[in-house]
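Below, chain A partners chain B and then partners chain C, in two separate complexes.
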Partner chain A sequence: MPLKPGDRERCATGVEGLDTILYGGIPRTNTVLLTGSCGTGKTSLALEFLIHGAIRGENSLFISVTENSEKLLANIIPYRFFDRTLVRSGRLVFVDMPIMYERLGLTKPDLSMEEIDLLVSALASLAKELGSKRLVIDSITSVCYKLKTSEKIRDFILKLSKALSDLGCTSILVGEVPADSTSYSSFGVEEAIADGIVLMANMERRGDLLRTLQVIKMRGTMHSRAKYVLDLTPMGVLLVPLLKGGSTQ
Partner chain B sequence: MQFTSIGIPALDEHLGGGILKGSTLLVMGGPGSGTEFFAKQFASAGTEPVTYFTSTERDEDVLAVMREYGWRTDIKIVNIGRKYYEKVLARKLEVSRFRQEGITLSDIRKFRDQDAAKEENFLTFLAYEISKLNPPFRVVINSLDFYLENYESQEVLMAMRTIKAHTQHSESVTLNTMLKGVHDSKIQSSLEDLADVIIELDREKVGHEFKKYIVVQKVRNRPAMVGIIPAIYDRTGIKPG
Partner chain C sequence: MSPELASAQQIADELLEMPEASAVSLQMSVDNYLDVIRGVVDLFANKKKMDTIYVTATISSEAIKRVLEALDIDSERVFFVDCISHIMMGASTAAQDEKTTLVESPTMLENLMLKVEYLIRRSQSEGKVVVIDSINSLAIHNNNWILSELLHILVSGLRSRDAYTVILTVEEHSTPDISNMVNLVCDHGIHAGKLREG
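Up next is the complex of A and B:
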């Protein structure tokens, strides 16, 4: 899709349907909240975003907060396009956040404002060292548990987005919400600050549990706000419009 | 009555033969008063195997003093100070470096699981180590100040009660050193109350020199033994003079 004048450069996610929805991809340097309840495919989509980036020669960084990254890598969907040399060559890097906590002495359950700044600058300096153009934090909700108050969460996400954006990095923050939640984020703050929100959900239809994806908001581009059905396949994530016809209602 | 030596023969005499087996001693004084030195002289005496817990000195410093005065060096030194350095202070230094300079990918890759900060409770460690000793033993804890600085008073008191009870039942002896007038008076009084024998090392400036005293503050059930004894520090150690 040709860029119109004044249109921002795009960071193609490589997920075909999603790039179409976003008219070419996520506007570069945006920080996107990818949110949904468990089992909706957030991690898989985020990984695909990084793998496609790495294939295109963009250094990509995955910061794993909840799961050990080695375990994550072992359980990765056998994507046809995923080549382990991307990891070996350092194009795609996995880092465990708990190790960063240990190194920075941030193992307490509650972080102060000063420690939040430290964490942001450590993440930014790592992204800078690695020349990361794409970054995923999975999940930001787990980090937020250490921040406790909405002021601190706000502060953390604002500063982090700013720092990553200054480095020319396009970021996805994975958020977890309870299945019955009406909010896009656990703490209600993340969603207000992010440049974009992509909502993933489970939907039951005729006895099938469908995964759905919806772009709620995306600064710097037009986008469809329709709900799409998402399929996780070895070819990657496939998005098809949710057909209204045939529903039970 | 079963006595064992306090480490200074003339002081043993003054105490009517020494200290009772099963006693817990507290040696107090201001900085530079010689409490650590007294502790070493105590370690040099008796027939019991000696375990010397230190939180302030290096092993070689302890042994050097013992050798200099011709005292026994077959003592077991448990260096809490070094352990504290390795587990806590060295980590703090490392953390401050990472905080200052940021973390590189290689810092993250070099991390091994055993680097994870496991909170070690040195007070529990101390009590555990003492519980493992074969009685009768002779224990030196130099000094209580370390534990009082790092733990809640009540925790320290509880651990000291346990150690005292163990010392008593096993007819062993334990000596604690503590700075005087540094800790709040409530915990100091509680620790004094717990001790069977309290020795205070005191000095007084007379003209151009110090006059030194061994102040026997308390001997449990033998109040007649308390008193102020002028002391000399010479090549044999501390002695009443």
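Up next is the complex of A and C:
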């Protein structure tokens, strides 16, 4: 989609349906909270964003907090467009956060403000060193558990977003919320700071469970706010509009 | 067309006259269901060498494969979106493979669209056709509002991708509402059922 004068440059996610919803993609350098309960496809969507970036020649970095990256790669959907040479060539890099914690000596369950600065600085240095233009942290919720207070979480996400944005990096922070949550984040802070919120959910309709996606906010672009149904396929994430069937709810 | 039921050849001949990327309503009788399958699949998959995405909500994909085999029709280019086998709870032996995609229930219309979309994207064939068998079977499980919405979105999407759509309607099970819904999205209608006299 051609940009009009004044439009922000886009970072196309490569997920055709999502790029249509966002009128071309995520505004470049935005930090987006990709949130939802378990089994809704957050990690798959985030990975696809990075793989498409790497295919387009943008260095992409996946920081795995909860799952060992080797296990993650073993369980990856057999995407037809995924080529392991992207990993071997360093275009797509996986880093395990627990190893970073250990190297930085951040082994305590509760990080101090100084340690938060150290962590932000280490993540930014890594992104700079690798020339990353796309970054995913999966999940930010797990990192937040080490920060404990709202002030520290706010401080961490603000500083990290600014550092990554200054590097020209577009970031996705994967958030986890309980299935019955009415909030977009576990700590209530992440959603307020992020430039965008993409909500993934399981929706029950007459006994059928549908995976849905909805863009709640995205600074720097117009976007659809409708709910879409998605499928995780070897061709990537596919989206179609949720059928309303005359429902008024 | 004679007052008798249309043959597979007659159905194929009528379909052949349709312009590319048309949406066609094919009204048939329960008595010439097999002729219709034969006419549609043989024309698009074999004569026109198009990938044929066959959405079945009436009988299982296994049953249709057996029919095609019995009729000696090559099904190499036929891909099934099977909306019925999963809810048959083991009564059908249809399994997910390269040629068959199962939808859990005919009520999951968005998943039906997603599977069609997946097969369209995967297809290397220049021409494609999507056959919906049948709107009446889908109407057993869904209300007319949601079915109308499905047809509108599905047919518009397929048209923009230059794919044909063929919607099968069983005249004995049809209602004016269903006919109106199909007529609204289709460019052409073929009557292959028991022709009305006069």
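Methods note: the second predicted complex is superposed on the first by the 244 of 249 C-alpha atoms of A that agree within 3 Å, B and C clash if a C-alpha of one lies under 4 Å from a C-alpha of the other, contacts with A are read in each partner's own complex, and residues count from 1 in each chain.
As a working rule, contacts are C-beta pairs under 8 Å (C-beta built on N, C-alpha and C of every residue); 3 or more make two chains touch, one makes a residue touch a chain.
All values reported here derive from a predicted model rather than from experimental measurement.
Chemist: Once the two structures are overlaid on chain A, check if chain B and chain C clash or fit side by side.
Modeler: fit
Chemist: Go through the superposed model and pick first if A:210 touches only chain B, second if only chain C, both, or neither.
Modeler: second
Chemist: Which partner does A:55 contact after superposing on A: first (chain B), second (chain C), both, neither?
Modeler: So A:55 meets neither chain B nor chain C here.
Chemist: Examine A:235 and indicate which partner it touches, taking first as chain B and second as chain C; both and neither are also allowed.
Modeler: Once the two structures are laid over each other on A, A:235 reaches chain C alone.
Chemist: State whether A:73 touches chain B only (first), chain C only (second), both chains, or neither.
Modeler: neither
Chemist: Given Cα centres, how many degrees, to the nearest 10, is the angle at chain A formed with chain B and chain C?
Modeler: So the C-alpha centres give an angle of 140 degrees.
Chemist: Once the shared chain is lined up, is A:158 touching chain B (first), chain C (second), both, or neither of them?
Modeler: In the superposition, A:158 touches no partner, neither chain B nor chain C.
Chemist: Touching A:243, do we find chain B (first), chain C (second), both, or neither?
Modeler: Second partner only.
Chemist: Looking at the overlay, does A:87 come into contact with chain B only (first), chain C only (second), both, or neither?
Modeler: In the superposition, A:87 touches no partner, neither chain B nor chain C.
Chemist: Between chain B and chain C, what is the shortest CA distance in the superposition, whole Å?
Modeler: Once the two complexes are overlaid, chain B and chain C approach no closer than 37 Å between C-alpha atoms.
Chemist: Using the superposition on A, tell me which residues of chain A are in contact with chain B and, in the other complex, with chain C.
Modeler: Residues common to the chain A contacts of chain C and of chain B do not exist here, since the sets are disjoint.
Chemist: Can you list the residues on chain A that touch chain C in the complex?
Modeler: Result: residues 80, 205-206, 208, 210, 229-231, 233-235, 238, 240-246 of chain A touch chain C.
Chemist: Applying the document's contact rule, which stretches of chain C touch chain A when the two form their complex?
Modeler: My answer: residues 104-105, 107-111, 113-115, 117-118, 121-122, 142-143, 145-146, 149-150, 153.
Chemist: State the interface residues of chain A toward chain B in the complex, per the touch definition above.
Modeler: Those in contact with chain B are residues 93, 95-96, 99-100, 102-105, 107, 118, 121-122, 125-126, 129-130.
Chemist: Using the touch definition up top, name the residues of chain B that touch chain A in the complex.
Modeler: 91-92, 94-95, 98-99, 102-105, 107-108, 111, 115-117
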